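Look for chain A in each of the two complexes below; its partner is chain B in the first and chain C in the second.
Right after this comes the complex of A and B.
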């Protein structure tokens, strides 16, 4: 009996030992700078584990530098459903593949769980919600690695969990936003979220659309995009919009959204509009409505097809032989 | 380029430290300043097309020597750096056209690249180089007249050379040599003009004839574009005497293809290659083939070789897929686009043979 008791006894730590172990754990978890990486690699038997929380901008480097990655930045006002979209996508992988993709890992599982908790039954809330994103948080990226069985490739998705106020504090100020958030220049997709609940409200609708327009303009005037950046304009909480009595509501909204789409098309080639209900209230729409299409849009590969493969020169041509390039093709001028 | 580098680097490191950026740029400059640059492996690296291990080691060593923390496992970063090296080399070096052609040849296979701008730069370099051939004005120099009759007469009466005569002879010789050099320069220019005119004449005659030299038949509406596109690309490349050939090459290919039945369908490389018979495959390869080690940089020519070696349609594709690291079935283009790509490959083989 005595022996059994000894075996079942939980190991205890002396105070001094525990502080050593804390130090050891912290060493492993801490995101080291570039010199630190070499030291870590040199320590045989040690595997550096991710801390599991949302990643800081600097912590995305080992991911983006080593594997195919896509950075998705969701932008929208407070309570527009940014975090709900991010976490619902993660949760949809819990049971089965989604959008033809398989879950292949995440370095921010705690970050996801932290945010997803409020949408689950365990949180004992009547309506599924996600916590408000903290403005001062530097850990902004949620990481999801997905495997595409068709192309046999893995892609890392980094979702920018940026608070609404963070973008709003730069509204109309082109310089400060590019100084404070230079990493936005390498974004693959911007997702401008319009709150479906606000769009359904006649008194708030125009304000919500105007806000999105100004935000988009601020970001693109600050040149925070590249030739391959895509934009998705997303109407969140679509379930609320769908149950609205006004039959012309969606047509009215579509017309107003067109001005945002037109603005964005001046900067980037690919702008798409999506309707999403990540966590709809019980009704016709199922959980994650519209997210499959959205994820597929993000997952579309960036290839050289996006490059203008024009070799046309800007200067005037004098040689008649050179001019045949236009003349023989019906006089069409090339762009 | 330095500023552009800083922005492009954000695609693999969203928040780089200034010293990290500085060290990377320093290494890029060191790599580009080497006496010899292996552009073919560099292109493969930029497009994730399996460069050789030896090349990878050499490339990463340069970066590691400057920054010990540079990670060999960060392959995407290396791809981006390789693309930036290519862009810098196209901007600065005398081999910009060579690099541009090498980039264009692999740039249309739906490869996920971190720097799609690389392809755009390459096309721009090609456009400028091909247009300038026929745009620049001819600059013939005149020989300076030498009035040496008096001096020659004075030499005839001499029994021995004096110092003044030696100086006079030296001056006369210098003038002669100068004039000969002018004549040589003019002759080279004339030769170049003749080559360009010959090229123009051949191409215009080819188009007027609506005739395929490879098939030795007229091109009629009975022919399918996919069956003839690659042959026409080879035929047009045959006429090129001054690399990179005519600026209006696409219009010429299109005009010739328009003689066939109208077709806007997209075809895979497998379909395009299997559409031509073995005799014509051999004919293409007899004129245009890269040395081993560089063959993967010309995917169409390499696929033709694989198909010819296999001697059966379709079965060659797995060999080509493995060696090229490109899915030859998945990439689809219209016949004209395939013709353009093979034309570029033929030009690359030509330029490789010239240097």
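Right after this comes the complex of A and C.
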């Protein structure tokens, strides 16, 4: 039978290699050379340039080991808007500084453009959308370097673009998630995304909230966090929720979300709830609604308590490898 | 004394027209900041300049026709003489770096050794970001079934391609301080619509992400902005422009300090900095 549903049929970002995070983690780590992403097998007479796509875990090491950086992991089911949130922040920087920050560079410009294309008029699409992130993709981090003109400091933001299927395959399984995603321990912010479209649908609402609750519990019971980790609970596609006829809907959802917030506060100090509409349908909300507040939350300096807890360390940090491991375990940047 | 200036820009950015007009100016304008000291190997530039003087369209520089070995002996008002190397590379060479993620060792060497970079951007090529979610058009009842695949060279915003090329330049130079002049070509088109706008303001308003990038990286980028019209106007105005007594008089250069004139050597003179 002919498939007529071609309007929003999206390409998938595919990679050749299957995800093997353990192997990547155990690879030799070169922290002294920040230009390490140049490959050796370029054409004769040519210098290979950085690939510009999303980075692997290993490719983030030179950044996290040598510069101030924050790792943000967005977690949500397929089509909940994770990639749209990441790419919309990037796109809004194309117009003006955002959340008081200036764009200072990116090692994944090409990857951002790949994801942003189908939200633009040039794509000739009628509905903005982003390519589905393949479960097998090992290139998961989009990189933005941002500059605070007030403090004159630059911060690297690494946004974990993990496919919904990949992370949800570990739902309720502490052992496998610890084994397959140990790098999550160094995360600065977890962003649990609840799809506003699902929340607006009473047939899907309870399942969506329960799934987020169990996912959060799986990650935190697996101890994949540090004392400085922050959590944001984000309602995506808020434009859909806002236009719902049920006047009590938001109050109902707020009550249910409070259960997730209460759970998370047993593990970490800072849990906030956000409503965003990255690429809303034409209407009351502007593109990027709620994202400025979200980026400001990610960029906020840690409180004294958070810093002191993570600064406690007994061993000497005399090797680059130990410094890196320390940082990956949630410690402060040593450089 | 040798000075090396690297000329960069995407296709149709005005790099070759600049070289043609520059040759005419340094030969004939007594008021230019830099003048030609001695013709050595000026055959290529002289040929370009002849066509330019008659307002004949210049052929686009293709990768096979690149002139990497252009050197001009220039003289400053205090009689200091220096050789300026200005390779004329094809815009396609730069665009292919963006897409193919490789650069020839020869071009990388030019970048590494350059004292300054002139980066040409055609104001006509700049498109503002258009998002589907911000459109209020009514949707057709039968959605288009034609999938449009992204062509990075055509579809990615010019400012993104420019930023990526600048990141490559910084990468090749290992973040050594970069002096760069952004040359907004076809500037007459902007002035005909927005008479009061200055090049720096244009950068901030039309290529804001690039502007942010430069502001945020002042520890590795020292930049200037210039508006230039090396041709002097469109080919539709050919008769009017050919009426000028000297061809170089039709060149238009605008800086941010109020300078408006025809001296194309001024950006070079100011970028090279320590020539005196």
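What we mean here is this: the second predicted complex is superposed on the first by the 254 of 335 C-alpha atoms of A that agree within 3 Å, B and C clash if a C-alpha of one lies under 4 Å from a C-alpha of the other, contacts with A are read in each partner's own complex, and residues count from 1 in each chain.
The definition used in the following text is that contacts are C-beta pairs under 8 Å (C-beta built on N, C-alpha and C of every residue); 3 or more make two chains touch, one makes a residue touch a chain.
Here the structure is a predicted model, which means the values were calculated and not measured.
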Let me test your reading of the model: by the given contact rule, A:182 touches which partner, first (chain B), second (chain C), both or neither?
first
- Could you tell me if A:228 is touching chain B, chain C, both of them or neither one (first, second, both, neither)? first
If we overlay the two complexes on their shared chain A, which of chain B and chain C does A:301 touch? Say first, second, both or neither. first
### Task
Check the residue A:67 against both partner chains and state whether it touches chain B (first), chain C (second), both, or neither.
first
Once the shared chain is lined up, is A:91 touching chain B (first), chain C (second), both, or neither of them?
second
Should A:245 be classified as contacting the first partner (chain B), the second (chain C), both, or neither?
neither
For A:281 in the superposed arrangement: first (chain B), second (chain C), both or neither?
second
Classify the contacts of A:114 with the two partner chains as first (chain B alone), second (chain C alone), both, or neither. second
Both partners, chain B and chain C, contact chain A at residues 35
In the complex, chain B touches chain A at residues 7, 10-15, 17, 20, 67-69, 71, 73-77, 107-113, 116-117, 119-120, 123-124, 126-128, 130-131, 134-135, 200, 246-248, 250-252, 254-255
Residue positions on chain C within touch of chain A in the complex are 97, 101-106, 108, 129-136, 139-140, 143-150, 152, 155-157, 159-160, 163-164, 167-168, 171-172, 174, 208-209, 212-213, 215-217
Listed in rising order, chain A residues that touch chain C in their complex are 4, 6-7, 9, 11, 35, 42-43, 45-52, 91, 93-97, 102-105, 109-110, 113-114, 117, 119-128, 145-147, 149, 154, 279-282, 287
As the complex stands, chain A meets chain B at residues 33-35, 37-38, 57-58, 60-62, 64-69, 71, 182-183, 185-186, 226-228, 301-313, 317-319, 321-329
